[in-house]
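One structure, pasted below without further comment.
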Amino acid sequence: MVEALGNPLNLIIVALGVGFLLPLIERSSPALSRGLFNLTIIYQAVLPLLWLLWLVNGAAAQQIQTAGIAPPFSINLRLGLEEAFFVAGVNLASLLGAWYLGGLLRGRAAAMSVFLILSMGVDGMIMTRDLFNLFIFIEITAIATYGLLSLERNAATLTAGFKYIIATSLASTFFLLGVMLFYYLTGTLNIDGMREQIAQVQGPLGMVAMSLLVAGVVIELKPYPANGWGLDVYESAPTGIAAMVSVGVSAGALFALYKILPLIEPFLPALVVVAGTTFLASNIIGLKQNKVRRLLGYSSIAQVSLLALAMVLLTQLHREDAMPLVIGGLFLNHLLAKAGLFWLSGALQRNAVEDWRGLRANPLLLAILGLLLAALAGLPPFPGFWAKWELVMQLSAGGMVSWVALILVGSLLEAVYLFRWFGRAMSPGVQLTPAPAVAQLLPIVLAVLGLLAAGHYAADSLGLDTLWVLLPAYAGIALVSIDGLPTRPKGLITLAIVAYYAYRVVPVLEGLTGLFGLMLLGGGLLMTAAGLYRGDTRRGYYALLTMLLLSFGGLLQADTSLEFFLAWEFLTVSSYLLLCMGRDAAPYTLAYLIFSLAAAFLLLAGFGLAYAETQSIALADLANVKDGAAAVLGLLLLGFLTKAGALGVHVWLPGAYAEADDDFSAMLAAVLGKAAVFGLFLSVISLGLKGGGSDVVMYLLSWIGLLTAFFGALMAIFQEDLKKMLAYSSMGQVGYMVAALATGSHLGWVAAGYLAVNHLLFKGLLFLVAAGIILRVGQREMYKMGGLIHNMPVSFFGMLIAIIALSGVPPLTGFGGKWLMLNALLEKGWYWQTGLAFFASAVAFLYLFRMIHTVFLGQRKRIHKDLRDAPLALLIPQLLLVFVILALSVQPNWLVNPIAAIMASHLPQTLVMHGSLMQSGLGYWDGFLVINVVGAVFMVPLLMLLVLSRFMRVQRVKQFNIVFAAERPESPETTHYAYDFYSFYDRALGFLVLPRATAFWNGVAEWSHSMGTGLRIFYTGNGQTYALYILLYVVTLYFAVGGPS
Amino acid sequence: MDTQKYALGPLLNEGLSAEDRDLFSDARPVPYEPYPVAVVEKFVNWVRANSLWLLAFGTGCGAVELNPLMTARFDAYRMGVQMRPTPRQSSVFIIGGYASVKTLKRIIRSYEQMQGPKFVVCLGICPINGGMYWDSYNTVNKFDEYLPVDLYITGCMPRPEVLMAGVLELKKKIMEGRADGANRYVENFDWYKANQKRVIKDWNMPDYNW
Amino acid sequence: MAKRLLIVLALFLLAMMFWEVAANYTERTALTPIATHYVAQGPDEVGAPNLVTAVVVTYRGLDTLGEVTVLFLSAVAVGLLLTMGGLDQKAEPPTPASEIVETAVQYLFPIVLLFGAYIFVNGHLSPGGGFQGGAVIASATLLLFLALPRSKLRHALLIITESLSGFGYVLVGVLGLVLAGGFLDNRVLPLGDYGRLFSAGAIPVIYTFIGLKVGAELSAVLERFKGEAS
Amino acid sequence: MIELPLSTITLGTGFGLLLIGLWGMLVRKNIIRMVIGFSLIDTGIHMIMVSLGYIRGGTAPIIDAAVDRATALTAVVDPVPSALVLTAIVIGLGITAVMLAYAVQIHTHKKTLSIDDCTDSKW
Amino acid sequence: MQDWPVRIGYFLINLTIVGLYGMLLSGIVARTLAKVQGRIGIPVYQPFIDLLKNLGKRTAVSHGAMFYLGPVFRLAGGIGTLAFVPVLYGSEMFSNFNSAGDLLLAMYFMFFGQLGMAIGAGESGHPFSAIGVARGLGQMTAYEVPFALAIIAIVVQYGSLSINDIVAAQQGGILNWTLFTNPLAVIAAMIAFLGMTGYSPFDVTMAPNEIPIGPPTEYHSSYLAMMTMNRAVFAGAKLILFMDLFFGGATNLVELVIKTWAIYMVAVVVGAAFPRFRVDQSIRFFLRYPTLIGIAAIGYTQAVLLP
């Protein structure tokens, strides 16, 4: 009995039997029919899952014959691992879909049986090994879909349905013709039989046969531009049905393609082009889309064509062994995420993207949406991430670089429109609809859980220490579950977790990673602690923060590029979401994400190229790349530079740094930016010293670095917004590090390390001071402040120390960085760059003075009379940073010696230390002596003034007691010189900082959008035109591949 | 000198609106005493006399006579005289002729912003008795009712040569330690202030412009 | 106009493809190995003289089950589509047919039904089968509707027939799985004497189910289109 | 004059029907006519299918009095395409029925049968 | 190396010499200018009198702690700069604390006083102070470019950042001076020097007629006296630096006086002859020809001097 229940044929038998009976039972007992339906659909889902389990555990693939007669004389089916996987996936989706559709199906036995048979049809498409039988199942699926489409009866659905019928029936007609020609040529209908007889499929008939067969299947996959009909259905069908079409039917068609691949060898290149074009075109057109369902349609088509592309390319490369992960991962990802999103859009009854505003009021829904979108965009820990990774590695190894590029560009575009949607959901707005019923949400939640589980499994299959590498995600999830706690305890919990983690991790790290471990985790902890000043509700903030901080650990501990990339993506995701929490961050988050993802994809491409050459993903083996060293280095550097905000790709930076929560800005600028620097270090250490092309790359890098430094500083001086100024300043500071790294000398790398540590200290300090100011003043526009030194003396002191350290004026730490860097540049012989560095560091004075003056000095506004200093929670970390800066100023060797030792393990040491005296090839610097001399020298005039004050009555006066050309000042606002502070500089050099990069990227965006407009011109909405496209597609395929003999 | 005498508590600054009072100091000016060592005081007086920084504020028609003073013909620089654009750094205030009520207000403000020791020199007849403006509704007649004057240079208008003579006279006075107008102003502060307020109707300044 | 040109071009190119096929097509002179198996072994394995039936019902039984499913689905789909507000109900009432026609139909109707039954019952012996028989039965319904536009079918009966015969078909298939070689094996019943009505195992049974089901479904479809279905 | 084989003629006819049907589907604006076009395509396909299974000089694959089992191997046509056609016909019928039902509903909702007016969703 | 007290003592001697010399220099300059204008001019000791006068002021106001400390920073910056520059070549007594760092240290420490002063002036709340500082800093970024390029050129030329090494390389004859070996660099640096001294046409910071008188507008009394002292010390330090880098340094005080006086007179003469630039004009001026000359200097050094 048990055995009978486990028969895979039951998938067909039970569905059909029940399907036929349902209308009858409905007449006598609706409840019974409903129960039977539920039972069946559960059975349908459980059975393949069990089989999947058995097959994974070593059971043999099932060959199922019918009619008691052996194939090829009868029809046979197969349930191997891949079939079981697809069937299980589809049936799971239909189970959840049925659950979701509950209301629509209730009381409609006919609809229920159609639904059952639809998923049965897809199962059949997947399992059958007979070509004509495949046709039958295609038709079953098609007609079942036609039937279900009619559940929602309005003009749009009906006309879309009709177009769908025309298209699919034409496709199946061609398919049938192809099948018959194949039969004529090979004398069999059995696919395995045909493979044996494939030699017969040649000549003019063979060519026609193949092209018809391919066309039939490919059109089912909705290739661009012959896919308008599919999109119309996605847009207008009931969401549950659209989900089934997107997920189930496409899965069947995809598997059909998989089955016939061996039969159509000559068409593989054409298929690649078709799939690639469709993937790219759909994603470009998706950019223009503002209706969610059609958007999901474009995404569906793109994902399915990506699957097809991967499948065909891997077949071409004969890397079938990679298919389970790539195809399986991508498929599951698409299946659950896409279905989930369709359901969500249905459950919320919102179609226009604009209508999703205000969803952030409901964190659960927002979380679901975010997770599903993240999955769809291929972010970890979801299966799509692993699949894409593996795909890129395999393709790179196979030399298919251009396809890698296409896939990455397409994925990026997809992320753009998906996260634009998320951005809308994060924007403030009115909650339009009441929250949907739990019953409708549960399947979606289950889909999310399924995705997470699948991601975990996929990571397992790559042989990773899954729990450990996915720790950030799990920790995040765990903390979400205690999100109900008050804010500060959550912060303390985060601190405790991360501190323990750091305690475990940091001591293990050595060398460079140790240094960055201290910076990232230590700095992270400090900024987290500073964040405790906020007691307001911050939903999900600490969960994401934990994720962010733990991924620093992942980044540092990564031994392979996979682990590194994983941690990197975790960083991207968590920082993006944290950024989204900023009150007015919505307009800037998308740019942040796009550039972050672009950076990640550049890294991915770089790692792929490296893998292609070394066949290893170990980070240590990066150094073994020889021929492609320059290319790999270039890609990696581009990626990291994008994330670091180098000139040209900096456009995301000011908005992101400025609009994030104030404490998170500090984290972003001071700590997270160092992750990019760490990446730069890694790539330069591994690949920067290879000579040849690498030297060119490094030379370019030095210019990029210094131009970034210069323009960062120059743009900073024109900012009115405190945090924007700091943001540009950060950009400029990172530029110095980049330039120092580019020298490729011991001195330069010491300089880079030193600058990085310093930047962490003073930029963290500045952002924390800014947080305190903004908290008290409630403003970011600096000219609306002024004279706050009297209210916030400690904050002033912090900023003073920070700006002296930043400016590079001795005796504080900043000078060490400048000295090391300039020495390194001069030693390298990069004189022009050195000149630019001087200029940039001089320009930095301008914004530094402007910042401290407009905020703390000058005239205090009347409304700020009673402001208090920042809360202690903010001041303590500030004072700590001040202390560290001062300590390192007194003894720069405490910092330089370890860094020099670390770098000496990579390069011959050129920085020589004699006690506190440092010597480069050109100059020398004794930091300890300098600060002592300066200290002593400072005492002389101080004492003098104190003495003089004894003979001079010094009257402390107030802010309006100034010489004002014999008049009295009327108001602090008009007396405070702050707005457009450097207007003369603007007149002199303002032409340099016209927003060219922004204009360029806007142009790119606009260009992509108009490409979208251009590409979607094919979608006329007319069914007949679509039919014509299909016809043209068929003949084009034929003539493109072979044509008449 | 008895400091108690001047510790009469903060100024009331009644001319200011309540919110402006926070923005201006309400401290009372205090007179300074000579250095305890007489030699030092004498030396410092000599230094003061030889470094006369004029406030570049032409308050009336006489200002036109100040400019030739610095040119090649008269070259007051050689006597240690130079113009300073800010009252904070000046030590000599030359009232250039008649003082209209409107200007008087600015003169007072500028004078109070100068750091002591500071000296006032009146130029021409008008600050003495009003001169040709003696019955004008908007010109003060006896300037020393409003600010302490250390030296008068009479004439209408006095030529630069006379001005230079006046400078020499002022030097002499300073060296002798008799140019104590600043302390007189502080010691009789309430009387001066009352006089000032009597003529200046729109008193929207603090009582003492630090 | 451009579109028209494009259509002509597309069809021309398609015609070129077809021309390739037609020009290079050679008529077969011998059966394929599989067909040879069917012809040589079919009568023994399946016991049906009509080899097409043997192929349809047994060798490619799964296709046929699928085919039945397709028909079922289309009936359901038509039902779903036309349940509410089918054809315009406000159309002019059809002119009644003449008495001769009405009378003739009353006589012809059962005969046509019977003929249909004959066709599906004999499907394994002579040309014909479940689908053909079912179609004939449906044609009887069509005749009825044409002659007597106001006539109604008994809906319950249709559904019961449809469901039970479909289920019966699946059941026979499962019996094949349990009792004989595999799903849809017709040898659950003895093959019997070659060429007899009660032979070829379960084929006549299956064809009966199919015939009933197809007849019922097509009738139902016709009724839906007629537009007066409840 | 070369004598055309029988099946070539039916094959050609089938292709012809297919092309005519396609013309109908692509050019005719009326949905009903498009459905008719589809039926023609279907019929064409069926003819092609049968033609491809034809064996020169073969007869119907029914082994009874007319064809004895001994000679059957050379006397009958391939039964498989016939069987497949049977299936294909039914499927075509099913699709046609659904198309017509859609046509009915579209007419009900839009009061038109012109395919050019069915552009409710576009991009 | 001597003991600390000795070094400090030497430094104090240096400081006094340079300070007095700086004060005297400003008197000389004023007197020279007066002669140009056909006047008798001040006595050369007038700056000392003015300084003492300001020290002898008896009242002062303070706008806050930073205002109070501003002149301290300023003077410390001047003294510190001097501390990091060797006054006479080859003399231990006059080498100051040059061992603490090289040319870069001196260059960057110059900003110390300016920054502190700017913050102090900012606290005064006077808009003219802020405007003056903004202008000063803006112009500073501009003249810093030709100056830096010139410095780079001579660092390339002499292969060292150490001031002592650079001076050493120029010993042995007038033709070894940078002035003659690398004239382009010297031209660039001297134009930058004009900006640094703040005489016209680059006196945008003080600009007595429009923003009287820029950053120190609120400073007076002893504050002003300390700033005057700084002007002397700082100018001295800068002149010595320029002399060391471009004019062969000095081995004795007479040489020092002659050379620095000559360098200073360049600025004075130019200042006497030109009217003031607008700020943006000044910035653009420095970034045009002087910068080009500086670039050419590096190119010349690399192409002609190094091989």
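In order of appearance the chains are A, B, C, D and E, and numbering begins at 1 in each one.
The definition used in the following text is that contacts are C-beta pairs under 8 Å (C-beta built on N, C-alpha and C of every residue); 3 or more make two chains touch, one makes a residue touch a chain.
Predicted, not measured: the structure shown is a model, and the values here were computed from it.
S.K.: How short can a path of touching chains from chain C to chain E be, counted in steps?
M.R.: 2
S.K.: What chains, if any, are shared contacts of chain A and chain C?
M.R.: Both chain A and chain C are touched by D, going by the contact rule given at the top.
S.K.: Skim through the chains and flag the pair connected by the most C-beta pairs in contact.
M.R.: Top-ranked chain pair by contacting C-beta pairs: A-E.
S.K.: Which chain is most remote from chain A in terms of Cα centres?
M.R.: With centres defined by C-alpha atoms, farthest from chain A sits B.
S.K.: Taking every chain's C-alpha mean, which one sits closest to the mean of all protein C-alpha atoms?
M.R.: When every chain is reduced to its C-alpha mean, the one closest to the whole-protein mean is A.
S.K.: Would you identify the chain whose Cα-based centre sits farthest away from the centre of chain D?
M.R.: Chain B.
S.K.: With centres defined as the mean C-alpha position, give me the chain A-chain B separation in Å.
M.R.: 72
S.K.: CA centre of chain C versus CA centre of chain D: separation in Å?
M.R.: 15
S.K.: Report the inter-chain centroid distance for chain A and chain D in whole angstrom, where each centroid is the mean of the CA atoms.
M.R.: That pair's centroid distance is 50 Å.
S.K.: Compute the distance, rounded to whole Å, between the mean C-alpha positions of chain B and chain E.
M.R.: 36
S.K.: Going through chain A residue by residue, note those that touch at least 2 other chains and give them in order.
M.R.: 132, 136, 139, 143, 146-147, 150, 153, 181, 184, 189, 951, 953, 955-957, 959-961, 963, 1028, 1031
S.K.: Among the residues of chain C, which are close enough to touch at least two other chains?
M.R.: Where chain C meets two or more other chains at a single residue, that happens at 7, 10-11, 14, 18, 21, 25, 28, 32, 34-35, 38, 59-60, 63, 66-67, 70, 73-74, 77, 81.
S.K.: Mind pulling the residue numbers of chain B that touch at least two other chains?
M.R.: 32, 86, 88, 210
S.K.: According to the definition already given, which pairs of chains are in contact?
M.R.: Final set of chain pairs in contact is A-B, A-C, A-D, A-E, B-E, C-D.
S.K.: Using the touch definition up top, name the residues of chain E that touch chain B in the complex.
M.R.: Residues 30, 34, 37-43, 46, 49-50, 52-54, 56-61, 208-209, 212-213, 217-221, 224.
S.K.: Help me check something: in the complex, which residues belonging to chain D touch chain A?
M.R.: The contact residues of chain D facing chain A are 22, 25-27, 29, 31, 34, 38, 41-42, 45, 48-49, 52-53, 80-81, 84, 87-88, 91, 94-95, 98-99, 101-103, 105-106, 109-110, 115-116, 118-123.
S.K.: Using the touch rule from the top, collect the residues of chain A that touch chain C in their complex.
M.R.: Residues 4, 7, 9, 12-13, 16-17, 19-24, 27, 64-69, 72-75, 108, 110-111, 113-114, 117, 121, 124, 128, 130, 132-133, 136-137, 139-140, 143-144, 146-147, 150-151, 153, 181, 184, 187-189, 203-205, 207-208, 211, 1025, 1028, 1031-1032, 1034-1035, 1038-1039, 1044-1045.
S.K.: Along chain A, where are the residues that touch chain D in the complex?
M.R.: Checking each residue of chain A against chain D gives 132, 136, 139, 142-143, 146-147, 150, 153-156, 158-163, 165-166, 169-170, 173, 176-177, 180-181, 183-184, 189, 228, 231-232, 235-236, 285, 288-289, 294, 1016, 1019-1024, 1027-1028, 1031.
S.K.: Can you tell me which positions in chain C touch chain D when the two form their complex?
M.R.: 4, 7, 10-11, 14-15, 18, 21-22, 25-32, 34-36, 38-40, 42-43, 49-52, 54-56, 59-60, 63-64, 66-67, 70-71, 73-75, 77-78, 81-82, 85-88, 125-127, 129, 131, 195, 214, 221, 224-225
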